[in-house]
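Multiple structures are listed underneath, in structure tokens.
One chain, chain A, appears in both complexes that follow, with chain B as partner in the first and chain C in the second.
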Partner chain A sequence: MNFDALVQSVIDDTLSPGGSLAAFRPELTICATIVAMLVVKMAVPRWRNSAFFVALLGLFVAMYLALPRQWFVDVPQGIFTATLINDSFTIILRVLLLLFSTLFVMFTQVVGNSDGDEMTEFYTLILGALLGMCLMISANHILIVLLGMEMASVPCYVLAGMQRHRAKSSEAALKYAVFGAGTAGIMLYGMSLLVGVLGSAQLPAMTTQLLNMIQQGVSTQQATVLILGGLMLMVGVAFKLSAVPFHFWAPDVFEGATAEVAAFLSVASKAAALGLLVRLALGFSYPVNVGFPTELVPHIKPDDAVVALQPVQQFISAMIALMAAVTCTFGNLAAYGQNNMKRLLAYSTIAHAGYMMMPVAAAVALVGVDGNAPARDAIGALVVYIAIYLFMNLAAFAIVAVLRNVLGSEEIPDYAGLVRRSPGLTVCMAIVLFSLVGLPPLAGFSAKLAIFSALVQAKLWWLFLLAGLNTVLSLFYYLRVVRVMVLSPEPLYRDTAEVPLTSAVGLYCTVLTAPVVLLFFMFGPLLKWANEAAHSLFFR
Partner chain B sequence: MNPLVAPIGLSHYLVVGSILFVCGVLCMATKRNVLGVLMGIELVLNGANLNFIAFGSPMLRADQSNSIGLDGQMIALFVIVLAAAEAAVALAIALNYYHTHATVDVDQANELKG
Partner chain C sequence: MPLFDSSNSQMLTWLLSLIIFLPSFGALVLCLAYRASDQSVRRFALLTTVAVLALTIWLAWPGTTPGHFTLGKPGMQNMVSHSWIPGFNIYYLLGVDGISMPLVLLTSFLSVLAMWASWPIVKHVRAYCILFLLLETGMLGVFLSLDFFLFYVFWEVMLLPMYFLIGVWGGPRREYAAIKFFLFTLVGSVLMLVAILMLYFSSDLRILSPSQLQASHVIVDQSDAARLISAGTQQHTFNILALSEMGQMSDSPFAKTMIWGQKLSLWAFLLLFIGFVIKLPSVPVHTWLPDAHVEAPTPISMILAGVLLKMGGYGVIRICYPICPDAGYSLAWLVCGLGTVSMVYGAFAALAQKDFKRLVAYSSVSHMGYVLLGIGAWSATAGLQYNSDYWSVGMNGAMFQMIAHGISSAGMFFLVGVIYDRVHHRNLDQFGGLFARMPTYGGISMVIFFAALGLPGLCGFIGEFFVVLGAWSYSKALAIIAASVVILTAGYILWTIQRVYLGPEYKGPHPEALVPMTRREIGIAAPLVAFAILFGVYPSVLFDYMKPSVQNTVNQMTTWTSDVKDAPAVTQEAK
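Right, the complex of A and B next:
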């Protein structure tokens, strides 16, 4: 192919109606919104809320563009020379991320104690991180994995330290930045090992080469380097997931940063990291994917390829399952001694990261079984959990932020007797916390049920038992918060703690809590929708 | 084969890269000054970068089919930019920490715990 033809083919691939740029429109909209926000701020300096309206408008447009045109895309599309992948998994996770960001932007405005001048920077950082997260969930190339993770992390370091004059905030930012940069460095070194041994930086091509090596017999040295590289890559992902043993930052950052930032880190950052984990775990264990260079392995059929990759699948599944088990148990145990609500929610987030890693382990273990139907269900369970977790955790942090505004405190003992002053908000908090435990009739129960059924199908009995035990464990510390809010006597000196549900903040909390109840009754359609997200990961 | 007398090849670069990586990790683990830790991170990133470039080099790899080609150099370029961005943010955060705590000792950052 000569140079002109090459350039022409790239232009065609990028600009044609169903081409790369068309599939990339939501991300481009986010970029444009960031620029527009800064320009509007400069052009109309007296309009204090300009950043909020521009960000909201941009997110609505991005959401409109991100919604799937036909109900689901069967065949994944590799965009930008297959460095990114556009399939229904990308589309649905991206819609969830954009939905979260929209709700989040409204949340910062409604709760709004931060001054208007800093909001432009705040939204710029949020949207910048969102852009990185969109890259993470669609990554198909090692470079995009790295870029996405860094683009999502670096703005978050700044967000954690936004309150410049608070000592705790600056300490949180310092810990987050140093720890994040360190794990990113280790992850990069692991990537360089994997890329070097496998001779490609594109995930499907790497998997193909892995397949070739397995068929020709892997030497011990090669296996050592591959396992080392895989573990180092996992360090970076585990940091984003706040999985044990890379979870140290989470409680400190959540306590030091504002409740708003903590909400963003606990939902959006987790969802994107899980999307990336699915991409990597399935990318290395299920070779039939976009850009699968069949010419490298002409003699092997997809089914045989899946069988040949079994050692890799077992390694990945065992690693993720072990990490999920430890993360979940640690998070739930450490949450007991906490008196700060944000710290408690941080440990709860760690525990939930553990729950959400379980279906990934199950899916990898189930690859190739029964035409991949059970593996698809496991990924569906993950997507459904993310969707429900989005509302639960955002609502929990929103209530914490509202209570901080009226009480000036985030300590659990200070919540004593709140049911007498603001019964509506207390009920909302109770619903959200019971849903986080996974009690019926709340959406958290259905989400946990979906994950447990995936574990049963994968025959990961020990993990299933551990997850069940953890659910029982978690009941008590969530219940303690509700007990303090309802049963403890109100302190005498409190005079302002009324948050009626008819006020703007009350209404916002109600709107967020409602899906936690409603999704329990509408679980069937949600699960169907989530399964379609998983469908494209196992296309033929 | 004695690596000290063999002609320079891929493994020499990998050895230098791994030494940089180990130095960096040791630096991250032992330094108490934030700036020292950040320098350690730079060493780790550069160790990885050296690997990428060596793996991508057409001169070093006899087996051309297994070379990552220009991808290696592309990734290295991106990593340089990322390292600069990350260092800028981390230094700004360290400076802010200095303003509130009058120290940049990471061991003193123990207000948040539990």
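Right, the complex of A and C next:
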């Protein structure tokens, strides 16, 4: 193939209808929105809320473009020379991310006591990070993994330090940035090891090469390098997931950053990291032939590949399962001593990251079993969890932010007796927290049920039992918050604590809490939808 | 041919759903009624519970038309089935039989009394009533649901209202008691969830015959059965009846999977059993009960003792044994042993109490031990020539004991509440002479306390007698111990009566407050007294409902025993 032909084929692939650019329209819209926000800000400097409206409009358009036209593409489509992958998993996670961002932007506006002047920068950073996350969930190339993660992380460092005058905020940003840079360095090193041994940077090609190596026999040195590379790659992902032992930044950053930023970090960032984890974990254990140009990736029969890749699957599954178990247990135990609500939620986020890693471990362990149906269910469980977690955690942080505005405090003891003044908001908080525990009839239970099912199917009994006991552990600290709000007497002096549900913030919190209840009853449709996401991952 | 015509099915759906969700609906109305006065809120809540009672009586009324209870029919009746979450094969599956019907009636009956007994509660009345009604939904749902998922959901739904009811309206150590209750129950229910999922994923509807499928309401007509049986993949189910059918097959799928060297059915039985005995409660997981009872307000104690404890026993009868007969057979010693230990321990602990309410709480532990012994006395273990009739007697006794205890313990807690409302203490050493000051109260107390003692002619006797009778053929030692516990029971009850009601005069604080029972209080106590006497002299009124279904359960177990356990013995002899 000569150079001109190559260029021509790339141009065709990019510009043709149904080509790469068409599949990339939501991301392009986000880019355009960022530019538009800055331009509008300069053109109409007196319009204080311009950034909000432009961002909201941009997100709506992106959402419209991201919603699947027909009922899901079964065939995964490699775009931009197969560095990115466009399949139902990408589509659904992207819709969830955009939905979250939309709700989040509204949240900052409704609750916001941030400076109006800084809002443009704030939304620019949020949308920039969102762009990186969209890349993360559709990564099919090791460089995109790095690119996406850095694009998602760097704005977050800045977001954590947005409150320039608070020492804690600066501390948070510094810790976050240093920790992030360190783990990114390790990850990059791991990537270079993997790419060096496997001779390619595109995931399916790497897996194919891995397969060939296994079939020809792997030397000890090669195995060492591969395992080392895999572990180092995992370090980077674990940092984004705030998985133990790479979680140290989370409590400090959550405490230092505003509740709004913490909400963004705990939901969007986590969802994207999980998407990436799925891409990497399944990418190395189940090669899907998405390649361009095809010469690089000789066609392999999935069934043979699955059998040959078993050692890799076992390694990946064990690594993720172990990390999930430690993360979940540690998060739940460490949350006990917390008096600051944001720190508590930070540990809760860590614990939930552990829960959400479990189905990934199960899915990898289940690859190739029963025509991949149980593995698909496991990924479906993850998507269900992400969808429900989105509402639960955003609602929790929204209520924390609302209470910060009225009480001027984020310490749990200061919530004492709030049920007398703001019964509605307290009920919302109780619903959200009990849903985080996983009690029926709330959506958190459905999410847990889905995850536990995946573990049973993978016969990971020890992890299953541990996950169950963790639910009991987590009861204490969530319940403590409710206990303080409901059972403790009100302090003698409290100026204002009334947040009626009919006010704008109250209404917003109700709107976020409602799905936490409704999704329990509407679990069937949600599950069906989530299982679609998993479908294309196991395309054969 | 469809199993039932659609109009009947619709009527049943409405009837059973109304029974479960009418209290929730009432709670919703109360949520919106911002301006209502406390008294009208109370009246509305009472009215709601009365309406639910009326509906359950309608359902229990003997009759052969759908919506009424067909006496003598062993299996499930008045079943309702709607698909809810197809992805997990979860159904909205409801139904009653002779085991659940009396418990449903007991629940709605005690809810009315407990609501009426809530009049003295003045703190946050609206919130109290809302939580109370939500609790009632949970309780009725547990007894009516036949889908394991649904059962679990209702089981958990009771937790939160109960937590707040104890935590907000309880006594001085209410927060500790509430969290202890919550924690114990949650541990139990998480273990239960683990077991549920284990069973679900090893179940396979394809191995059942079309008639079994139809009997357990998995399918409506034969064409569905063919489609189901010829399905390519495993068809999991949460249907309790279908799971029971599978568990009782000689090559049960639950006995095939091994986990850590043991059969899955054994693990499932153990996990479920722990979950249920926590609720029952049995030694050594009973410690939440005295705290919860002592701190809970009177009406909530009534509900707790009268209904919530019964869920443990119900779970064991309805779920543990039918689904995992294998494990039940090999662990009969555990079940019976725990039952007997609870009886003895509870009775001794009751003897040692200084607090009136704590004494009643421990007596509950002791009395619920009978239930466990009666259920567990699997006479089949007595060799080849066993007679399952004894087990059936024991199980009937256990069922009867549950209802009788529901009446007597609710009564006792109410009576303790009556005196506590007047003198604000429960110290047994500071009472005395109440008979003279409050004659009506004294008379009512005698009947209720003697009913708990197990005096012949009152409701407590029948259950205990049958249980001991059933246990005799299983283990004479256990039966003798169980029979002698009656002496301990008599000890603490007579001693209590002596210390509280007899004696020359009342020497404790607030003697001026000892006014006779009000008409409301008599109105609450009278039905309890009436039923204590009625069930004592005419127990058939209950047995007519229970016996066919209990017998059916026992027969199934017996068939299973002869199929699975005796068969190898016979072949060995043949060799």
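Keep in mind that, in the parts below, the second predicted complex is superposed on the first by the 530 of 540 C-alpha atoms of A that agree within 3 Å, B and C clash if a C-alpha of one lies under 4 Å from a C-alpha of the other, contacts with A are read in each partner's own complex, and residues count from 1 in each chain.
Keep this in mind: a residue touches a chain if its C-beta (ideal position, glycine included) is under 8 Å from a C-beta of that chain, and two chains touch if they have at least 3 such contacts.
These numbers come from a predicted model, not from an experiment.
Upon superposition of the two complexes on chain A, no clash is found between chain B and chain C, which fit side by side. Counted by residues of chain A touched, the larger count belongs to B, out of chain B and chain C.
Once the two complexes are overlaid on the shared chain, A:Phe434 sits against chain C while remaining clear of chain B.
In the superposition on chain A, contact of A:Ser170 is made with chain B only, not with chain C. Judged by the touch definition given at the top, the superposed model places A:Val511 against neither chain B nor chain C. By the touch criterion defined above, A:Val326 lies against neither chain B nor chain C after alignment on the C-alpha atoms of chain A.
In the superposition on chain A, contact of A:Ala36 is made with neither chain B nor chain C.
Residue contacts after overlaying the shared chain place A:Glu150 against chain B, while chain C stays out of touching range.
When the two structures are aligned on the shared chain, A:Val486 is found in touch with chain C, with no touch to chain B. Rounded to the nearest 10, the angle at the Cα centre of chain A between the centres of chain B and chain C is 140 degrees. Shared-chain residue A:Gln457: touches chain C; no touch with chain B. Least inter-chain distance for chain B and chain C in the combined superposition, rounded to the nearest angstrom, is 25, based on C-alpha atoms.
Within the complex, the chain A residues that touch chain C are 370, 373, 434, 439-441, 445, 449, 452-453, 456-457, 461, 464-465, 468-469, 471-472, 475-476, 479, 483, 486-487, 523-524, 527-528, 531. Every residue of chain C that touches chain A in the complex is listed here, in rising order: 84-88, 152-153, 156-157, 159-160, 163-164, 167-168, 174-175, 179, 182-183, 186-187, 190-191, 193-194, 197-198, 200-201, 233, 259-260. Partner chain A is touched in their complex by these residues of chain B: 14, 17, 21, 24-25, 28, 34, 37-38, 40-41, 44-45, 47-49, 51-52, 54-55, 65-68, 71-72, 74-75, 78-79, 82, 85-86, 89-90, 92-94, 96-97, 99-101, 106, 109, 111-114. Residues of chain A that touch chain B in their complex: 142-143, 146-147, 150, 154, 157-158, 161, 164-168, 170-175, 177-178, 181-182, 184-186, 188-189, 191-193, 195-196, 199-201, 209, 251-252, 255-256, 337-338, 340, 343.
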